[in-house]
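You will see chain A twice below: alongside chain B first, and alongside chain C after that.
Let's look at the complex of A and B:
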């Protein structure tokens, strides 16, 4: 009997020890589109996330515990994202949720966070609703939002001294929100500017000929837009033969100044485009960026890194800083610590507004110009627009 | 045949119901969540089978009625602050009426033309949900659905779903095994001959479509409250394709087959997503298996295995 008893006790002790080891982990639920069409955004976002987690672990983890990530594919579908978020909470027992891409997915995850009473940091979704009408105790956003983008566009229009504005947006929530943001930005910074024409294109549209001729016929001298990704690529290819970019200045949100777009379009990128991006791999305006970019380049396997990693990386750093401040991973304490929290990031200092739970995430704006020796456009000069609406 | 269930089926149903009712005792939030979702999808697939398995038509747009039920319930509960006793039946009625309206046009056609028209109407519903932003929230979705206090909790909501899905399934069973259901089978088997014996085949097919739409609306209304949100994707064609695959996987010539297919596909997707990012590949393999090996679904496979065992081969 004795050896059996001893063995049993030893086994029990081993199980208890492994259980306590297993508990000595901080679990982060990560929600990005990591397969299918959305992987073009989700994969670089995961690089940034993993880099942030590795750095945090190398520095001793969170509250002395190792950080472990549980990544799930949101499939760019809100219901799938909500189901994955619930699974991460109820099965994996994650302490915090992070990620999201589209506005709908971000809002769906936020709703789960509200129900389950867990902190969610939205690193990419931009919908203004998240930090206004749908704001709750446990949701925080570290990306920018459409009012910040619209405000920057208003400032740029004013600087250019242009008065006749054509606005072309995609006909979906982000487009509508940005159109409203631009209206506010123009009213505030360029009150003399008049909107000559309002155009709406279908999400996923590939044919812009009708809108191009309308813009050319309207006599405007500046076009404001948020045709992001392939929408802009198609628009630019079709507008170039009409000489549209020789006649107007094209100011766009939607991060078409990022290297993902500039690199993809190469020599086809048109003239007279002023746009934004969260990060530029070649711009080291802020301390720490050079090291961040070098590490990211190693991890990504290419020198010209994407813009998305800085967003997911910043989200992880906010969690680590909030946990250090609160001394706990309890959702309420973590949320309280995030309110008003300031951290350094590779693209400048970031502070989360205690009232709106929105980080003051500014963006880099500037004209996209040719550069000797490379076959893609770069932003020059690079101007950082801080996220302030005051 | 009548409404009475064969003893074996009744016994299995009671066992499954008791097992489901005991799930909250396991004190696993995860288990409660996946069981709730499976019940909703099971009802959704069962409703589609009224069209496919009983009336012999294929609908590529069944998600539309799931979405209509979801949006109507969500809007009435949240925007108009109506009680559940009003909002929920109204959602079911809206789905049923929408399905009846669509059926009026679709039943003029048969085969692939019928299927394509159902898809066209479903995309119309999707477009309305997408564009009518002030009411539906557009592509941001209708988020923050108000859930009545008495079911606002994981366990109460689970039992609410269990009771609603059980009652709905029982009613569907009675419909499918009534004279109406048997007439549908006659229409499915030979629409010309059914017409010759005096059956108004167009009316029968339309009624089946409306019934299916109403029960899809029940599933959608529950899902909107469960998710605290409804999204345009609920009406989009991949959702219609998914419920169609559930029905085929389980077996469309069996009443409970689609429910089994829904549970199997849901669990496969859930576990595949937890371990791999290649769910679309897994889904492709499932489709191939259905077409090549399981034309009568999992229930057909079970019957074949049982027959072989009983036959001693």
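Let's look at the complex of A and C:
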């Protein structure tokens, strides 16, 4: 009866497996644009998320239970994100929601979280509304927001000593909110600066000649903007032959200093650009960054890692820390634990404000300059602007 | 707005902006219009053909560093191959079916090729450098203007004249025009109609490829760029008249002026005017400025 032993072992293994299946798990609902046109951000965001979850599990999970992620594609659409969030809560029974990319998507998920009474950690959306007019008990934001971004721009304009400002923004929630943030930042830090011209471009615009020539005609010496991603690539390529970057300093939010933009644009990246990013793979100003970056490089298969992972990674770490503090995954207890919670991240310490539910997430700002030996631009000097408004 | 009135140079630059934008769009829209004019197919996939042109330019000129002109030729050749496969493999079976089926088929191609592009080129926004010698500006006396934009403004009319001569002044062009009138009669007279069809589809698609390749230095190749361009092309050909070369040329210029001056005068409404014009045309003259009313039947 030799085979019996084997059968018994197999049966035991099966029992063990099903027992571990039956064991309770901590379920995280993850919402990023995984496929489609948003995958350019969603894919690296998922890298960071999975890395965070793996680290938490390696350290024993949350409350002794294994963390499992249920990822859904938001398709960059608020309606799709809201439907996915609902499905995650009702069908999968997730304990907490995390993610969101684009301000509109973030607000849509936040609304579902409010109705369903479940904690939502917004890791990427920046609209100020999320933590002001649309704030509720269960929403928390670990990314930066448009007032922080505008405040940093105000400080930079002041440091440059320039005072004729052209503002060009994309015509949607983020662009409008950042325009307001810049207004406040300028009023506070650079009271002598005067807005010469306000320009608007639609989201997804491909032709900027009308705006470029208006900037040139208006005689401003600094341009503030939030043309992110391919908007910036198109604008820069079209503005260079006009000599725009020789005549003005271009200060931009929207993380165009991140390596995903600088690396792809290579030698086409224009002069006189000062911009921001959440993280730089080559800057180890904060303890723990070097290891984080090395692990991420291994995971994503390239040395020069993207900026988005640190945001999704930080979101996971906040959930783990909050659960450890409250000793429960109950939404109200988790929310209470998140208020005032401080954690260490690869880009500095983060604390969630108990009143606004906003983390003090600062950003790196600096001029993008050429560097010997590489064909892409790097930020130098790198200055960290902490997120403090008052 | 003030600048338009106070500075003639500024107004002149806006005119140049309008022309160069219109001419870049004309190259692409001409292909769409040509294909509709002969094959009676409304090709939604024209936008992804354009996107493939831009991506091919990136691979050839930026990645492999084989030069800009090679990039344009490769884009045209690549799209010619795709066109032959699509026309012979798919479209030819649908000519006598209803328009809706053709439309759905072209939409399926949009989705398949869109995902294919993501698999081949990834999802990042890519950047293509200007060709040597065209990265700067030319001195026009009163102002400087980007050399590359000037080149686009010249290539558009050259393609227009070339197409015009081909269709209006050659025997082959006469056969093509005859095919649009009565394909069965033409076939009965011994003309190889399928060859005409595939050639027209090939030329039209290659124009989309060339348009995409030429746009690559100013429009970053990126997923989703097909959606923007196809809408612009439809606005142009509907205003000008589907199937009319003259109509497309004038429609592209009108679009360029309306979009550009709209952006300067009422920045928050830049898109509205082109679509307003589209609505007026559809209500008053649904066949477009230069088109002909569609006859019943095929």
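Please note the rule applied: the second predicted complex is superposed on the first by the 368 of 390 C-alpha atoms of A that agree within 3 Å, B and C clash if a C-alpha of one lies under 4 Å from a C-alpha of the other, contacts with A are read in each partner's own complex, and residues count from 1 in each chain.
The criterion applied here is as follows: contacts are C-beta pairs under 8 Å (C-beta built on N, C-alpha and C of every residue); 3 or more make two chains touch, one makes a residue touch a chain.
Since we're looking at a predicted model, the values are computed, not measured.
A.B. asks: Chain A superposed: clash or fit between chain B and chain C?
C.D. replies: Chain B/chain C on chain A - fit side by side.
A.B. asks: If we overlay the two complexes on their shared chain A, which of chain B and chain C does A:134 touch? Say first, second, both or neither.
C.D. replies: First partner only.
A.B. asks: In the superposed arrangement, which partner chain does A:275 touch: chain B (first), chain C (second), both, or neither?
C.D. replies: neither
A.B. asks: Is A:211 contacted by the first partner chain B, the second partner chain C, both or neither?
C.D. replies: second
A.B. asks: In the overlay, answer first, second, both or neither for which of chain B and chain C A:267 touches.
C.D. replies: A:267 sits against chain C, while chain B stays out of touch.
A.B. asks: Just to be sure I read the superposition right, which of the two partners does A:83 touch: chain B = first, chain C = second, or both, or neither?
C.D. replies: first
A.B. asks: Looking at the overlay, what does A:108 touch: chain B (first), chain C (second), both, or neither?
C.D. replies: Only chain B; A:108 stays clear of chain C.
A.B. asks: Aligned on chain A, what is the least Cα gap between chain B and chain C? Give it in whole Å.
C.D. replies: 5
A.B. asks: Quick check on my understanding: which residues of chain A belong to both its chain B contact set and its chain C contact set?
C.D. replies: 36, 171
A.B. asks: Note which residues of chain B are touching chain A in the complex, please.
C.D. replies: 28-30, 33-34, 37, 130-131, 133, 137-141, 143-144, 227-229, 231-234, 270, 273-274, 277-280
A.B. asks: For chain A, which residues are in contact with chain C within the complex?
C.D. replies: 36-37, 39-40, 43, 171, 198-202, 204, 206-207, 209-211, 213-214, 217-218, 229-230, 233-234, 237-238, 240-243, 260-261, 264-268
A.B. asks: For chain C, which residues are in contact with chain A within the complex?
C.D. replies: Residues in contact with chain A: 3, 7, 10, 13-14, 17, 20-21, 118, 122-127, 129-130, 135-137, 144, 146-149, 217-220, 222-225, 228-229, 259-261, 263-264, 267-268, 270-271.
A.B. asks: Considering only the defined contacts, which chain A positions touch chain B in the complex?
C.D. replies: Interface residues on the chain A side: 34-36, 72-73, 75, 77-79, 82-84, 86-87, 89-91, 102-104, 107-108, 110-112, 114-115, 127, 129, 134, 171-173, 176, 203.
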